[in-house]
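Here come two complexes built around chain A, the first alongside chain B, the second alongside chain C.
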Partner chain A sequence: MRFLTFLLSRLVTYILVIWIGVTMVFLVPRFLPSSPVEAMMAKVAAQGQYMEAAQIESLRNSLMETFGLKGSLFQQYTGFFKRVLLTGDFGPSFSAFPTPVSQLVAQALPWSLGLLLTSSVLGWLLGNAIGLFAGYRKETLASKALEFLAMLIYPIPYYIFALVLIILFTYVWQIFPFSFYIDANKPLSVGLIKDIVYNSALPALSIIAVNLGWWVISMKALSASVAEEDFVHFARLKGVSEPRIMTHYVARNALLPQITMLAIRLGTIFNGALITEILFGFPGVGTLIYSSALQADYNLMLGTISFSVIAVATATLIVDLTYPLLDPRIRYR
Partner chain B sequence: MKRTMCSVLMVLLICAGIAAGGGTPVGTLPALAPSAAWAQASQGGKMTEQGTPRSETLVMDQLNGRVANARLFNPYLPGVEINNGLKPLFPPLWEMDTMKGEMFPAVAAEPLKPLNAEFTRFQIKVRPGIYWSDGVEFTVADIAFTIQMLVRTEKLPTSAYWARILKPDTRMLDKYTLEIQTVNPYPRLQQVLGTTIASNSFRVVAKHIWEKQDPTKFENYPPVTISPYVLKSNDPNGQWFLYERRPDWQRTDTAMVAGEPKPKYILYRFWGPEEKRILAAIQNDLDILMDITPESWDILRDKNKNAQAWLKDFPYAAFDDPCVRGVVLNTSKVPYDKREVRWALALATDIQGVSMATFNGMLRVSPLPIPPTTVLQKTYMFPMESWLAAFALPDGYKPFDPSYAEAMAKKLTDSGIKGVPTDRAAIRQLFGVGWWKFDTAQAAKLLQGQGFKKDARGKWQLPDGKPWTITINAPNNFEVQSMRLAFAVADSWKKFGIDVTVKQLESAPFNSAFQTGDYEADVHWPGCGVMPDVYTNMDLNWHQRLAVPNGTPAAGNNSRFKSAQVSAVLDELGKLTDKDPKVVPLTTDFFKLMVAEAAWLPMFGTSKFVPVTTHYWTGFPTAENPYEGPWWWWTGMRYYLTKFKPTGNVK
Partner chain C sequence: MKAVKRHPRLVIGLVLVAAFVILGLVMPPFAGHDPRDWNTFPKHIKPNPAHPLGTTGLGQDTFWLLSYSLRNSLILGVLVGFFATLIGVTLGVFAGLKGGWADRGLSLLMDTFIVVPSLPILILLASLLQGRATILIISVVLIVFNWPWPARQIRSVALAMREREFISTAWFSGESTLTVIRTEIFPYISSWAVGNFINTVLVAIAVESGLAVIGLSSLQESTLGTMIYWALQYQALLAGRWWWILPPVIAIVVLFVALFLVSSGYTQYATAKRGR
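Let's turn to the complex of A and B:
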């Protein structure tokens, strides 16, 4: 019964968070001093289209109609929720009209998830492993060197760091491809997977390296602190081996806040996707979010950011629900 | 143990990438060496990633980055991206010769022929022997169908626009001759149906394909075209588009007008940010670059001996871009509704300093509201020189400074720049006819005459005693020249004692603010034109009938400028055809009125740094071989391709 109440309260919070988040995403762009119609008009003008004033007015009205921006805000809002809840349809992208937002997101999402999820988890694993070692054996030279390296990388702005990697590994030493190139027209095969791994290696490395710094520093601090706890001393006095103390006593306790942080970070991985995508020419949702903001593409903004909101909320829910499984102290409460 | 694991994991990750890449050799390579991004050599030559011989492929920068929907080739849907090669796929009926400032028949066989004195009936004659890429002959039936489709398909966003211009009723005299009608008199219809600047809005579609489709949904993928190129393949994620020359390229307007387009393949490729585009060009992986900054150009020419800009020496850039940039003031807002205030701001602008701060002096000035292109300088600027010198403000002050060009040449030469011309005529041709004096005393006098005062700190106050603050809207990291111009002008005005801030905006809010009048000053480019007949653009931007209240999106005249005199001249111009001998004198009268009013502050033409690399291809247009301007993103690019030559380099 207590578990059911716990589960229900978490689910209600989950739904509320998504509803409030999506509503905000719906409203905020509409209060911005820009409109998709004007953005489209500017695009048309930039293409050198010859138009007289009356024709510009006609086109503006047509676009308002086409984009479904006529009607009150409330009508647009209810229409939007009905459409999204009943059909999962975020409508057409204005900037790539009439392409459905869902099609654009579906095309870009696997790339983003594949790269960002893998590299974030790898960065987390590596960072925590190094941090654990550095924290547990904090007096050794290797520990100090690792910490120094992490602190060196951590403050470097990602753009600069990634650019240095590109210059080093695609220009000076031409190990990796200069720009992302996959023949996505090919059927799934070993060759295609090989191409994907090869093309994704450098962007992945850049993400892992910049994430690594934080995980190393935070895990080092946590494990150093846990290593001083009485139960660790007690285990040592009882004759438990050092590797076992490090992995079973220190790591398990120090990892709990790191898991929470990983869940939060996984929910926000799209935030940093843009720079990776632009720099490495990687196809993903980052550029979609960016161009939707630039071109006041409300629907695309809604589609892409809603996924982000859902991702954060889901990640938090999963952590909430799995935490008792990971931490016996919470389970017994 | 743990230490080893960590190291091994890092190494493994890198090795996985290398292994997947097939173990491309590692080493420090000179700039000309092939990059690992490009596939292995085949038959001794370098291949592109797409599998085409590099020596037969022209690689172009994809102007607007990644294309969201790579299958969308319907030119009438608003989301279409036309800078991925789509422009040359839809050749216009009439094309533009930017060096002469004239339109000429392209797909059409002759200029558009008016059939009545009211300019409501016209005859289009097209070249016989043009074929669609699927083998069907191109005839005027395709044009008639396109007109009817546009006018009658109300759900197409541009339908209302076309319905105001064209009637759907057409008469086909034969396969190559068509009579069309307009709703209202339209002396300049050829400009609507052809390319004037960059692109055409009337794109003829294949009747035999489109008549079976719903044009509001049809993606037109792969496109059937009358261009000499067809889409061969593309990245579904929109990073690249590969076009191949048609085997029957002779059956296109390009072949008939200009000859054989030389590259067998054209690859439009998104490379990433400017740093990466420059790296690609340094490695000769990119033949044609779209806009870069002067700083990037310095790096490129330093690192790649094959890099080539429009001019061989300083200032390198092409100055004949068809738009002039400067500060647009919202003339419906106090105090910018006063001509004297606008003139004061012009005279408080240190134009030499602004030029240096914007593009290191690599700019050509314009005192008129049109771009200072070679054609327009010859038609208007230089002929108006004596009038400009004699022009006086009501108090008798003569604001024109004809020495700008010489002063800039001296300044640049003194600072160690090599290659600045020494001949007076060449200097003036390069830097422009002149601009307004930098005379803060006269600017102060004009302001004081309007009741402005300076406070104890030397800051200007409005006539009502409130501090005078100006916010200049500027693009945020796009349209770099305008963005930098905003800061340079702000600096000049600040030194004069005005409290100025620059507000940087992304493209959508930047354009929205301009159109709704939500600005005081905006660094924009409302004066565009290639031909001596600049009526359409001028009417759109300065006729008082288009001045709407702030808050309402304007259909033109974003500065809300009102002048009965100016509008009357525009009305007169509107009755003429572009070839009418009265066009130039009347347009000159219009410019005189605009100068007197200081309707806005045009400053510099657009400097285009759009260089090329000549490792694989030569024959690009340059100042020494100016068969056209370097307008790679215009529809006319398909004609330039006939002048390109392979160098024979295969590696």
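Let's turn to the complex of A and C:
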């Protein structure tokens, strides 16, 4: 019963996140003082091309269609959702005409997923492991030094960290490449994987480092308070070994809020990764959103942004659903 | 001296933040010129007594530009921090005390807004406004995305407090809900609110400068992020013009560490004062 309520509440949140997020993407262009269609038209006119009245009208029509500006507001709204959720069709990209938006997203997705998954999971695992040790032995000098270091790193935004890494490792020491370059035509081989890891190391490092600080600080506080609980004292009196107390008694209890926290923070992590991708020229969804924004490629922008809302919501749902695996209280009752 | 020993985080953080407030809010009028104007001075001058941080590749004095940019970043941060905390605390207390459907609805809304990634929406807005996004517009969007964090926290505090005896006592002795909130609950959550306010200031400045670093914030105004953007655009990094790119980077790092020290130090201080 409990599992069912849990599952149901997460599903409702999931649907709501997508609904509110996509509604925002729908509303933002409509609340602006200037119409995006007229702005695009002005841009085309500024390029100095001569156009017949009929041509201008047909261009305006196709742009209206792109933004889904045809029909009443309600028709526009339902039409937009149909495009986002059912067909996933955002039409062709303007800047990479006539490649469909969905194809560009599909190309960028594996890169973003790979970078984000690896770095958030590594950051979470490492941060919690360090935080556990630091919290369990909170009186030691090493623990205090670690917390101090984490406190220095955590408030620093990703892009600043990325910039510092760029300055240090590509400018001062020249160990890593300045921007991302991979020969996409190479067949899959050990060499290609090495290339990918080598090129992705710095962006991944800047995401891991900043996440790490947060997980260390919160895990330290959590495990320090769990370590004071009666059941831990009891286990110690019972003669359970210290390492076992740490992993089976303290860690398992302290990790539960950390899973919820990971789910909550995914949106924030995604925000940070987006800028990191852009600064490093990493070929993921973030860079795609950015280049679409620079080139005023609205098909691509609406597509990638709606898509990232759905992706973050789905990832959050998946993380949330691992919670019952670790908390037997939800599974069995 | 005793205070420094007992609450080192809070004191160090406050001193640093005070230094930034002086640099950002008191200093700018003394510049004697608009620090944003291009070609006011010769370009690429190394730091010297006349220009303590040199000049930028656009002919601006780096020191005064930094001071001016800091002011905009601070204004944005305080604006977002204040309103997001105010809205969040109000809705959080309401949801926690009221319970039932109001609570369920509001909680769902909070959880939803927390998950929706704000940066893509901001990028969409910025791109459509084509550099005409003002600090005020960016602040409003940031408030929309940042109220749920305090609301969520305050809600659970209010929920726990509803069951406490002193609240029931106040309730049964005939106090109105507003009086209960003002006299019994507010003193209790005010320290959370202050901590949250400082955190939100930090988050707001971080997101805006993130947007600015990639050139999508307000282009007419100058913030710490836009300073980094122009320095990167003009290859200050590759050309070794450290006096242009390092000041805003260092300012952001030190400001954020200082704000974090104040917020975590204040929480420690408030906890110690409550005697828990």
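As a convention for this text, the second predicted complex is superposed on the first by the 221 of 333 C-alpha atoms of A that agree within 3 Å, B and C clash if a C-alpha of one lies under 4 Å from a C-alpha of the other, contacts with A are read in each partner's own complex, and residues count from 1 in each chain.
Following the convention adopted for this analysis, a residue touches a chain if its C-beta (ideal position, glycine included) is under 8 Å from a C-beta of that chain, and two chains touch if they have at least 3 such contacts.
Bear in mind that the values here come from a model prediction, so they are computed numbers and not experimental data.
Kindly classify A:S291 by the partners it touches after superposition: chain B alone (first), chain C alone (second), both, or neither?
first
Contact-wise, after the overlay, does A:V210 reach chain B, chain C, both or neither (first, second, both, neither)?
neither
Looking at A:A108 after the superposition, I want to know if it touches chain B, chain C, both of them or none. Which is it: first, second, both, neither?
Touch status of A:A108: first partner only.
With the two structures laid over each other on chain A, which partner does A:L279 touch: chain B (first), chain C (second), both, or neither?
both
Once chain A of both complexes is superposed, is A:M24 in touch with chain B (first), chain C (second), both, or neither?
second
Touch test for A:I130: chain B only (first), chain C only (second), both, or neither?
Touch status of A:I130: first partner only.
Between chain B (first) and chain C (second), which does A:A313 come into contact with in this model arrangement: first, second, both, or neither?
In the superposed model, A:A313 contacts chain C only, not chain B.
In the overlay, work out which of chain B or chain C sits against more residues of chain A.
It is B that touches the greater number of chain A residues.
Could you look at A:A96 and tell me whether it touches chain B, chain C, both or neither (first, second, both, neither)?
So A:A96 only meets chain B here.
Contact-wise, after the overlay, does A:Q174 reach chain B, chain C, both or neither (first, second, both, neither)?
First partner only.
Of the residues on chain A, which ones does chain B touch that chain C also touches?
32, 36, 39, 163, 166-167, 171, 278-279, 293-294, 296
Please give the residue numbers of chain A that touch chain C in the complex, ascending.
On the chain A side, the touching residues are 12-13, 16-17, 20-21, 24-25, 28-29, 32, 36, 39, 151-152, 154-160, 163-164, 166-167, 171, 263-264, 266-268, 270-272, 274-275, 278-279, 289-290, 292-294, 296, 301-302, 304-305, 308-309, 312-313, 316.
Can you check the complex and tell me which residues of chain B touch chain A?
Listed in rising order, the residues are 1-3, 5-6, 9-10, 13-14, 16-18, 20-22, 24-29, 33, 35-37, 49-50, 65-66, 68-69, 72, 77-79, 81-82, 155-161, 163-165, 191-192, 195-201, 216-217, 233, 235-240, 269-273, 275-276, 279-280, 283, 285, 506-509, 511-513, 515-516, 518, 536, 539-540, 543, 545-546, 553, 555-557, 634.
In the complex of these two chains, what residues of chain C are touching chain A?
108-109, 111-121, 123-130, 202, 206-207, 209-210, 213-214, 216, 228, 237-238, 249, 252-253, 256-257, 259-261, 264
Under the stated contact criterion, what part of chain A meets chain B in this complex?
32-36, 38-44, 47-63, 66, 92-99, 103-104, 107-108, 111, 122, 126, 129-130, 132-133, 142, 146, 163, 166-167, 170-185, 194-195, 197-198, 200-202, 204-205, 208, 243, 246, 278-281, 283, 287-288, 291, 293-296
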